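Per-chain residue numbering starts at 1, and chain names A, B and C are given in the order in which the chains are listed.
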Amino acid sequence: MFYRRAGIRHTSYRSERRLWPLPFDRGLVAAVVVLLLVAPLVVERLYLIGYLMPWIIWSTAALGLNFLMGGAGQIHLGYGAIIAIGAYASTHLARAGVPFEIAALGGGLASAVIGSAFGATALRVKGLYLAMATLAMQSVVDFLITHVPWISGGGQATLTVPPARFLGADLRVDLAAYYVALSVCAVVTLFVLNVGRSSFGRALAAVREKDYAAAVIGVDPFRYKLLAFWVSSFIGGVAGAVLAFCYYRAISPDQFHLDLSIQLVAMVIVGGLGSVLGPFFGAALILFAPILLNQAVGALAAAFGLGISADLRAHLPLVLYGALIMGFLLAEPLGLAKIYDNVRKYFLVWPFRHAPR
Amino acid sequence: MSLLTLNNIEVVYDRVFLAVKGISIEVPPSGLVALLGANGAGKSTVLKAISGLLRAERGEVSRGNASFAGEDVLALAPPERVRRGLVHVLEGRRVFEHLSPAENLLAATTMHRDRARVARRLDEMFTLFPRLAERANSKAGYLSGGEQQMLAIARALMTEPKLILLDEPSLGLAPFLVDEIFDIVRRINAEAGVAVLLVEQNAVAALDLVQSAYLIEQGRIVMSGSAEMLRANPDIQEAYLAGGKAVDYHAVKHYRRRKRWLA
Amino acid sequence: MKRRTFLTAAGAAMVGMQFPIRLASAQEKVIRFAMPQDFTRVYTFVTVEYSQGQRDYISMVNAKGGVNGYQILADVTDHANDLPRALEAYERAKAQGALLVDPLSTPVARALVPRATADKINLITAFSGRSDAADGETFPFVFPMSPNYWTQAGLLIDFFRQQDGDLKGKKICFVHIDTPFGKEPIPVLEALAAKQGFTVQAFPYTPPGNDQSAIWPQVRRAKPDWVVFWGAGVGQTVALTEAIRNGIPMNRVSSSVWLSESDMDVVGRAQAAGVIKLEPCASGRSPKLIQDIIKTVIEPGKGAGDKAKVGTAYYNYGVMMAALMVEGVRKAFEKAPNGPIDGPWLNAGLTSISNFEAEGLIPPTTVTTTDHQGGGRCRIARWDGAKFAPATDWFSANQDVVWAEIKKSTDAFKASGK
C-alpha cells in the first residue's frame, strides 16, 4: 500500500540497478538521514550522547563485522581486539601530533594489517576452529595492550585522547563528534551496500556459500577471505578511532575485552547475518534493551511500591533481556532485519498475499 | 480409500513466494503414482510438503490438508511421519558419507526395538541390493552414484514404510542403472505392497512404471490420469515423450499457453 | 499467530518503556546522588552490600529530616560495568541534575574522569578508579575519599615493620591479579624495598584468578616473611584457599581492603583465622552510626536489603562513603546556605570536610582541595575466626612515598593528557 505496486517491476535495467530501486525506499532512507542530521538540534543531550552516539558507532563496527561474518562467512570472535588496535593506534598517532583525519585512517590501517595477519594464520582453518583462532587473537591483543605500558599509557592504564579536530571542528564538542561519527557510519554503510553489487561482493558471497565451488570458477578463496579480513578490520579500526575520539575520550584495555567482541557478534546475529540493515537493528537492541528494561523494571517497582531486593531488581532486566533475544530469534531466526524484510515484502505485494515466483 | 490424499495444498516460501497452489493428489494403497513436470514446476516442493521438510527451507503449507492412512499429517513432525509409514528418499541421495552402508541402514531403525527384526530387515535389503552387500563395510562416501541411490532407497525401506516418496532416483545415472533401479522399485511395490509416489524427469521410464500420473506445471496440477491415457495424449507425447519426431519449440510454447486454460 | 503476538508485544513494550527522564527534578528540596553501579557483572562481590549500606545511611539521614530541610535522593541503577550503559547513566544523571556520581567501578570511573571534570560533576571513586585522583589539583572533581592502593600497600609494609621491628633482609611475596589494578602497588612496594632494605617478589596470576594452583607452591618455596595477595572477588578467596593449602602461616598473610566476612565463609572461617586485612572503617554492628541505622531504618523495616548483611565489611564501606558525601553536603550548606545547589557547590563542601569521624566509624578524615584521599588512614584487622578484630589503631604511614608516586603519575597525565 505504501509501495503503490504489487510486486517489483522494472521497465529498464537502469532502474533495476539503482541502490534503492523503489521510490518508497528512497524516501524512507532520505527521511532517516534527515532525522539523524537534525537530531542534535531537536533531542536532548542525554539522548544524543547516551543513545544516538553509541548506536551509530556500534552500528559502524557491527557493519564491519557483518561484512566478514555475513558477507564472507568467516566467524570472528576477536573483533573487540580489532577495535582496540584502531583506538590505540589512532590515539597514539594523535598524541604524536598527527591530525585526526590521518590518525583515524592510520588506526584503520593498523587494524587491517594486524587483523589480516591474524586472518592469514587463522584462515588455514574453518568454522569452529576459526572461532578459536580469532579468540586467541583477542587474548593476545588484550595481553599485549595490558602488559606493554608504552601502549596502555602507564600504571593507570588509561590513555586520554588528546584534543583533536576534524576538518576544523573540535571533536570535544559533542555536536561535532556526533556528525563525525555519523558521516563515518554513512560512508561505511554506503560502501557495504555497494560491495554487495560489485564483483568483489559476489566473489565473497561465492566463498561464503561454498569455497571449493568458488575455487573451480576461478575465485581464489584464500585471497578473498584475506581481503574480507582486511576490509572488515579496516572498518573496525576506523570505528575504534571514532569510538576513542568522539565517544570515550579516555581509553583503557578493559573497554575492549572479549565482552565487546561477544556483544558485536550478538548484534550481528540478532540483527541479521549478511544484511546491511541488520547491524543497525542489532546494535539498537543489544545496546538499549538492557537500559530500557532496567528503567522499566525500576519504574514499575517504584510505581507499585514493590519491595524487591536490589539484587533481583538488577538481575530481572537481564532475565527479560535474555528472554527478549531468544524470543526474537525464535520468531525469526534470520534476525531483526528479516522481520523488517517480511513486513516490507508483505506491503510490497499488497493487495495480493503472495508474490509470483 | 486412498493411502495418501492431498487436498488443495498451497506452499509459500519465506512467507511471500508462492511455490505451489491447489495441489490435490491421491495415492491408493500399494499404488504406483508418478508426479511429472519440468524443472522448477514444484514437484520436490510437493514431496517436501508431504514429508514435512519445508521448514528447513523457510517454507510452510499455508493452505489445504494432507491425510495419510486417514490421519492428518501436516501437524506432525517429520520423524513422526516416518513412524506412521511415510518415508522420503531425497533428491541427490544424501547418504551419511562417513558411515558404512550397513551403518547407514542401521541408522534408519531407531523406531524398532526388536533387534532380530532389524537384522532380518538388513538381510532383506542386502538380498534386494546385492551390490550393497558387496560393499557393506566401506565408506558410503566412496560408493558410486548408482550405489548411493540404492543405499538411499534401502535406507528408506529399513523404516518399513507404507508409502515411499522417491525424488528423481534416476538423477545423474547411466540408463542401464536407471533400469535396474526402476526394476527394484517395481519389485518393492509388487512384493512388499509399498506404495510409491515417484517424481521423475524421465517421463518415458516413469510412465512405463506407474499406474497413474499427475502433470505439474508452474506450481499447479494441469493434467492427471492413468499411465496409458497420459502416454496417449498428443501434448504429452510432444512435450515429454518427444513423440518420435523432432521437437518444435514454438509448439511447446503454444501448448503451455493452451494448457493454462485447462487448469 | 503466536509469532505476530510476540513481535507486537515486544514492540509495544519498547515504546512503553520511554519513561520521562525528569522524574524528581520538579520536586523542590531534593539533592540528587546518582549511584549507577555494577550489580550484575564484575563488581558483584561488593556492590550489593556497599549499595545497601549507602541507601540505609541515606534513609536514616532523610528520616531525621534530611540536611537543611533537603532530602537526599539516591538514584541506584545497574551499569553492569559496561561503558555505553554507564555513560548513558551518567548523562541521565547529569540531565536530572545529580550533584555527584558514584560508579564503584574502575573502568567506568576512568572513563568518566574527562566528562565529570568538564561537566563539573563530582565523581566519587571510592576504592576504585585512578589512584592518582588523590591529587585534587589535577583532578578537582574526582574524589576517592578513601585510601588508594598505594596507600594501602604503604600501610601494610609499615605494619610489617611494626611487627618485626626492622624489615632489612626480609622477603615479601606479592601475589597479584595480572591486570593494571593488580600491578598498581608494585612501584610503591619497590620504592619502600629500596628504602627499608627488604626484597619484593611478585607473582602474577591470570584474571579472574579461579586457578592459582601453579603460583602458590612457588610462593611457599620462596619462604617469604610476609605474603600480600592482591585481587578482587573470586581471586581473593582462591588465593587464601591456596595459601592455606600450601601451609603458609595465616598470621603472615595479608590483603587490601578487599576481604570480607563472606570471603571467610567461602574459605572456611576457622582455617582462615589470623589473616590480615586493611580496614578503612570499623566493621561489625557496634559503631554508634550502625546502631543508629539499625534503630531508625532497619527495625522499622525500611532497610534496603537483607538484614543479615548489616554491619558486614562492605556494608560499612557503603555507610562510610555515604556519610562522607552527606558530610560534604552539610559543609556545602555551611559555606553557601543559599546555593546555587550544583556540582561546584558540593565540590566546595566536599573539600571542606575536616576531621570527620562519622561518630567513630571512620578514621579522622580531612579532605582538602589538594588531598582528595582524605589523609590515607586505615587500621589493620585480623580475622579471629568469627570477626575482623582491629590489631592497630587508625594510622597513616609512608605517605611521602605514596605522594611521590601520585605526583609522578599526575605529571605524566598533565604532560600528555589534557
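Going forward, a contact is a pair of C-beta atoms (placed from the backbone, for glycine too) under 8 Å apart; a residue touches a chain by one contact, two chains touch by 3 or more.
Remember, it's a predicted structure, so these values are computed and weren't measured experimentally.
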item: Label of the chain whose CA centroid is most distant from the centroid of chain C; value: B
item: Most centrally placed chain, judged by C-alpha centres; value: A
item: Rounded Å distance between chain A and chain C, as computed from the means of their C-alpha atoms; value: 35
item: Centre-to-centre distance between chain C and chain B (centres being mean Cα positions), rounded to whole Å; value: 72
item: Whole-Å gap separating chain A and chain B, where each centre is the average of the chain's CA atoms; value: 46
item: Interface residues, chain B side, partner chain A - complex; value: 12, 14-19, 40, 219
item: Complex contact set, residues of chain C against chain A; value: 3, 6-7, 10, 13-14, 16-19, 21, 39-40, 48, 51-52, 55, 76-78, 80, 82-85, 87-89, 91-92, 94-95, 106-107, 110-111, 113-115, 118, 130-132, 178-180, 183-184, 187, 304-306, 409, 412-413, 416-418
item: Residue ranges of chain A touching chain B (in the complex, touch as defined); value: 342, 345-346, 349, 353-357
item: Complex contact set, residues of chain A against chain C; value: 44-46, 49-51, 54, 58, 95, 146-147, 152-158, 160, 162-163, 172, 247-250, 252-255, 259, 287, 289-296, 298-299, 309-311, 313-315, 317-318, 324, 327-328, 330-332, 339
